[in-house]
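We just call them A, B, C, D and E in the order they show up, numbering each chain from 1.
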Amino acid sequence: MNLSILTLLLTPFVGGILAYLGGLIHRSVRFAFAFLFSLLTIVLVAGYYGSKIDSLIYGRLFGSLLVLQMNSLSWLLAIVISTIFLMSTLFSIPEMEETPHVNAYYFELFFLEGTMLGVVLAGDLLTFFVFWEMMSWVSYFLVIKGTKESSQAGYKYIIMSLVGADAALIGLTLVYLKTQSFVFVNISSMLSSQSPAFIISVFALFAINFLIKAAIMPLHTWLPDAYSEAPSPVSSILSGVLEKIGVYGLFFFVFVIFGMNLFKGIIPNVFGDSLIFVVLQWMAGLSILFGTFLAILQEDAKRILAYSTIAQVGYIVLGLSLNSTLGVAGGLLQLVNHAIFKSLLFFVVGGIIYRTGTKNLSELGGLIKKMPVSFISMLLGIIALAGIPPLNGFAPKWMIYQALIQKKSVLLLTIALIGGTGSFLYVYRLIHSIFLGTLPEKYDNVKEVPLLMQIPMIFLALLTIIFGLFPGIPLTAIAKVQEFIGMTPIRFTLTGFPQGSALSTLNIVKISGTLVGAFAFAFLLFVSLPKTRRVSQYDNYAAGQVVTKYTKYNYSFGFYSFFRDIMNPIFKLSADEIYTEFTKFMRVLGDHIRRVYTGGLETYVSYIVVIMAVIFAFVVLGGRIW
Amino acid sequence: MTKEYELNIGPNHPGIPGNFSLHLELEGDTIVKANGDSGYLHRAFGKLMEHRLYLQNVALIPRICVIEPDINEAVYAMAIEELMGVKIPERAKYIRTIILEAARVNAYLFGLGIFAAATLGLYTLMQWAVGDRDYMIDLFASLTGARIYHMFIWPGGVRRDLPPKFEEDILDWVKFIKDKLPDYDAVFFKNSMFLHRTKGLATITKEEALSMGVTGPNLKATGVAQDVRKDEPYAAYPYLDFEIPTMTEGDAWARTIIRRLELELSLNLIEQAVKKMPKGPVWTKMPNPFKWYVPRGDAYARVESSGGEYGFYFVSDGGAKPYRVYVRGASMPHMYPLAEKLLIGQKLSDAPQILGSLNICPPEIDR
Amino acid sequence: MVEKILLAVLVPLFAFLVGIFLEGFKRKMVARIQRRYGPPLIQPLLDIIKLLSKKDNISHGLMFDLGPVIALSGSILTVFFIPTPGFKLLSASGDLVALLYIMVIGSLGMALGAGESGNPNASIGIARALTLMLGYDLPFVIALSTVILKFDTTNLYEIVAAQSDLYWGAFLMPITAVVAFIATYGAMGEHPFEVVVAPQEVATGPMVEYGGKHLGFLMIDHAFHIYIELALFTDLFLGGASNLGYFFLKIFGLHILLTFFDTVYPRFRIENAVRFFWRWPTVFALIGLLIVMIGG
Amino acid sequence: MDKEIEQGYNEILESLRKRSLWILHYCTGCGAIELPPTMTSRYDMGRFGIVPFVTPRQSDILIVTGYVNIKTLRRIITSYEQMLDPKYVIGFGSCSINGGIYWDSHSVIKKLDSYMPVDLYIAGCMPRPEAIIHSFKHLMELIDTGKADGYRRYKENYDFYRKNQRKVLGKWR
Amino acid sequence: MEIERLNQVIRGTVEVKRKQRVDIIVDNADIVSALHSLKLFGFNQLTLVTAVDWIEEQQFEVVYVLYSNAQKVVAIVKARIPRENPEIETIEDLYPNANKYEVELTEMFGIKVRGNPDSGKPFLLENWHDLPPMRKDFDSIKYATEHYEARHRKENND
């Protein structure tokens, strides 16, 4: 019996407890523990590189085995989780220093990591669900540690999570009642004898849960608030990895637990694809489109990133739901790379908030002169996010586009490409309003963020470059995942795609090499010409008038207001009203639930018990409705 | 939270007609506050005229408004004639009418050309219109030798008779411009993009316009047929047959089309005046110009300029120099408060267009 | 190797010369339409020389300097990817989809540089440019999808090869070609889509603080830009060309057509420009797409 | 030897540079009325590569068209200082030479070259388009011969100009 | 024409000067009420507001020129106010375009306008510290000679 999975799983929990206890002694002890255990987790995860499926049966409940398993898909998620967590831990050290309950924060942070690892390592439904629930709650507690509005945002978040969790719980109960087992490997074969309606219902129940976590379009309402109000390191975790857990769950269930064979025959094919996939593709397409368009209209740095998360996760789902070698590989690559650059961007914005105290874009500007490292990090981050070569956002998008072309899904291709164009708009808005433009006078004494905050930024920025130039590095692991789920693995080279792997070939290093050459030429030409003279930002064209520090000479509020004008009629027709109706509904729902709950943990536990009892009674009494 | 930002349009800006500044506060793309900033062309004409003899002032006053300088001469002459009780010869009346109308056509051609170029970016109309205007400038130059400031109209009539062949030349020119009008229509007035951008833009109602003292094409565009040429006819206008064009829309499009119609009207008036012009003297003999003494009193003389009502409030104390002159430019109420009000809530891209459609002439404001 | 280096110099040079000639010719042609004599054909070149040799250059910061440099290098990079008869340098390194993203590099550099000038006019210009980009990209992307669907490849060279013997894209899918032409026109930012520069509104927008060598770089970039847009259209819909002469002639013809529109149209409002693109061109692009989807 | 090459290089540059002169689009006074005819189809100064440009950073020539009000003077100087070397100033019309007809106005300056270096004056009220084009030709000659060195004079005598500007405008920057 | 009836509604002297012009002389205190009556009477357009500096009589004469669009008559309302501490009431609420004319009055003559929020703000002049320039006792020639450097004529014209 190999206990290493358990060791790996327990490491973050132990780290959390030690960090908590260490924090009672001295903060440096807390830091030391936090850092060491995050690093240890990575090392332990990395130790699994290349190994085959490894599983551990650690108990038995309700007559079913409880299993932990490590496979290449889990490994991919686990390495992303542990990496982002290490960065986040480092970033938290200065960021959270002054906040109350900092010990509890680390405790929760590590618990979140532990539960996430638990989710990806779970080998049975019960383990999966327990960790999933813990994950939701711990992340809720982390979210409400942010700004004043965060408790409201967290409330919205947890309500949505509960809705999803309830659905999953019902699904789990149903499955258990039919199969008497929680173990993943059994489910597929046992379900195959069930009626199609049952399978579809169970899948839908689980899918709702995952789609809420992944914030796919109609179920995204919790996301912008929660992401923007949470503390920045938490935001980056939420966006970087927590959302991927939702995507992971979805596709783990589709590809592995249920398996494509189960759906065959019971789900009709549309446009040559299983209906499930078509629905998912279009939901992803909607997410891309509306996530992008809504991100363009935001006035708050973190909200831009939050909405862009919806859009970018849309690409992941789109890629994965294409169910082709290229698409799945592209989706998984996007999953890895999105974690990198989105966390990076949240870190940079977190640093800005740390130094200036605001995330309101109209109050920022001109910080490039004060915070060059942050600027470069954000520049790399936005280039990656926008998918511009040669950084790491390019390859996955290119793969997804190619997969779409292979499928001849031209409309989705258009949506995806427009989403790409739209992303230029909001990323430019982000970097412009924060770093470019006029520096407001009040930020004259702003300094670069502390070194501990710079390290995660620099590390992730380097990763965007490395993974961008050499997409082959992450693709190696992804090809293994594809093997694991029984798909033809992607063919690739270190720097791109050879003949035959896609409709066309790609060599990112050659592209970037040429770019560097062209840049070198242009730069040499530039410096060989007469020298430039630095002028003050107030020495500026103002139609002949003089600009002073009292002039409000910074265009940042309503940056794309004309876009708002264009979109207004469309939003009025569709998303806006649905959205407001939906939030209204959620608020009403929340109000009802608030009467029952005060928000305490014990009430929630009793709630779960009640719900379970109800479902149990329902299933036992009228269980033959299926 | 700072939502607004400031933006200056002008003085050094191609979107502004002349040396004038518009200080905007915007929120996103929408103007929330607009302040005009005048005074860049302030030369204090009132004060300068107090220092000069009546004759010297003839040379000074055209320089008030450079786009249409002749109205200044006419209005100055009319004020003095009213105070002195001088009647001017018939031929002089016709010559004045021709000069004034030709100057108006020039002003419209120039203004429309600049409007097309400086607000909509349609440089072709400007090239054509300003080029075509130049042939009239040549004719003006044949009057006194000056292209812009002709100083041809003066108290008592005009300085000398028209040069030979002038009448034929000006008819030729009128025909030339009339032939060009379809071209202008095609490229500008009927251009779909122009219609698209100006229809419904910055609409003024009749009541608003009247209460704010708006005159000229801007008022006619709201449906009021108010024109000094009809209401208080001067020069040879009583003898000519014409109708004041009006539109009812009151938006930027109507204001522009009104100027197009006025342009045509002026061309017709020139033709009529040239044909009806009698022979005879052109100047009522007045005493030695250096010793003009205008009787004590005040007068308000006004003419219709290309922008609207243009007048001098003229006070004499019986001396050799004017005691006080106040120049009433048509653009003053068009800018303050009309434009400042119209601009609020509009988009930045429309700001130059609104100013252009109001035909604001900064020197009239600054003087 | 030597040959490759030679090509690496010759391709951008050809693109630059074509661009600068078209720019000069355009000025001359516009002047003639406006009943003027017009500047000499080499005037753009003189302007660039003048700007590059300015003795004094101002800077608002590092990105302000790097902006034009990145813009130019992005354009040069793009030129390598556009199939030009006789040159086949980076054909295996990227395709049409990659090209779409590569073309953005230059714009991004320009946007960053203009942003650092700290002038709201520049920021508005950039915001407009990006919004306009979203506008013309919708029909353009649909048109590109149609092309990809039609020729079943994303490799530009294969697309060009598929159009040999007068099987031009423009003949096979005329509606799509017209839409793509309009979108290309929008991308070139000429009237009536000149909303970005719009001197009368935002005082040349992104270029408001640029002068001297920076502006010179941007003008060189503009020359490349003309070439890129028109050459891409030529490759996609006019079947490329067998030699440089034909290629140039096709581009030249397109440019003359563009100049006519440029001369007689005033400027759109930015909202209207985007709405315009999202209305008829998009509808027709979809129709074109439908035709290709049905007809194969 | 190097110096000779550099000189020759500079001479070639100057001779090319003078064929592209951009005017700052700033109508300071009534002289601006004669610039559109000069630009447009009849006289077309675009033939010589002279076109108006929007911002001071892009422009080479500042044409002070006519009288200079003190309120305008401040903006002119601001714009002039924002222009990039080499830059030239043309004083246009009599008013910029000696105040012209506004010699006794309380808000119009009389001698432009006290406040900024003027490379060239055009006399007349208004100078005709032919005169303007001639003056441009003359400016090109001056650039060729190196006599159009206003920007250098402004740098060398900065205190002198600044003193005069202060006298009129007060402490304004 | 009902112009004659003006006498009954306005406290002041009404004089029909010629066919299309009527002069009305009122007291300083009656300006607003007179203009109000005139507006009711149909004089709906304000053409201009200015002042004349009668320095010998130590008085300013404030002049309002109105126009009746319907009757096509110009009305010139005049009121004499003392030159020391001159003050008038604003008519901005009657005629919106009076605002800037009144601002100009303050700037050029130093006549304060009660109730006009912009009165006293710079309009045409900038950084002006001398007497209001349109007053007769302000010598603009002296000011110009003192402040603005003049060009001296050269003896030999080269």
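One rule holds for everything that comes next: contacts are C-beta pairs under 8 Å (C-beta built on N, C-alpha and C of every residue); 3 or more make two chains touch, one makes a residue touch a chain.
Every value quoted in this text rests on a predicted model; they were computed, and no experiment measured them.
Chemist: Can you name the chains that touch subunit A as well as subunit C?
Modeler: B, D
Chemist: What is the chain whose Cα centre is as far as it gets from that of subunit E?
Modeler: It is A.
Chemist: If you tally the C-beta contacts for B-D and for D-E, which one comes out higher?
Modeler: B-D
Chemist: Mind having a look at which chain is the central one, using mean CA positions?
Modeler: Centre-most chain by C-alpha means: C.
Chemist: Taking each chain's centre as the mean of its C-alpha atoms, which one ends up farthest from the centre of subunit D?
Modeler: A
Chemist: Averaged over CA atoms, how far is the centre of subunit A from the centre of subunit B? Could you give it in whole Å?
Modeler: Centres of subunit A and subunit B (C-alpha means) sit 65 Å apart.
Chemist: Distance from the CA centroid of subunit C to that of subunit E, rounded to the nearest Å?
Modeler: Distance between chain centres: 59 Å.
Chemist: Taking each chain's centre as the mean of its CA atoms, how far is subunit C from subunit D in angstrom?
Modeler: One centre to the other, that is 36 Å.
Chemist: Mind checking the centre-to-centre distance between subunit A and subunit E? Centres are C-alpha means, answer in whole Å.
Modeler: Roughly 70 Å, centre to centre.
Chemist: For subunit E, jot down the residues that touch at least 2 other chains.
Modeler: Residues 125-126, 133, 140-141 of subunit E each touch two or more of the other chains.
Chemist: Which residues of subunit D are in contact with two or more other chains?
Modeler: Expected reply: 25-26, 40-41, 54-57, 71, 74-75, 79, 104-108.
Chemist: Can you list every residue of subunit A that touches 2 or more other chains, as numbers and ranges?
Modeler: Answer for subunit A, listing residues that touch two or more other chains: 539, 541-545, 553-556, 559, 562, 565.
Chemist: Got a list of which chains touch which?
Modeler: So, checking each combination of chains, I get A-B, A-C, A-D, B-C, B-D, B-E, C-D, D-E as the touching pairs.
Chemist: In the complex formed with subunit D, which residues of subunit A make contact?
Modeler: 539, 541, 544-546
Chemist: Enumerate the contact residues on subunit A facing subunit B in the complex.
Modeler: It comes out as residues 360, 362-363, 542-545, 551-559, 561-562, 564-565.
Chemist: Could you please specify the touching residues of subunit B with respect to subunit A in the complex?
Modeler: Result: residues 1-6, 8-13, 16, 21, 23, 25, 27-30, 347 of subunit B touch subunit A.
Chemist: Give every residue of subunit C touching subunit D within the complex, in rising order.
Modeler: 27, 31, 34-40, 43, 46-47, 49-50, 53-58, 199, 203-204, 207-212, 215
Chemist: Over in the complex, which subunit E residues touch subunit D? Could you list them?
Modeler: 125-127, 130, 133, 138, 140-141, 143-144, 147-151
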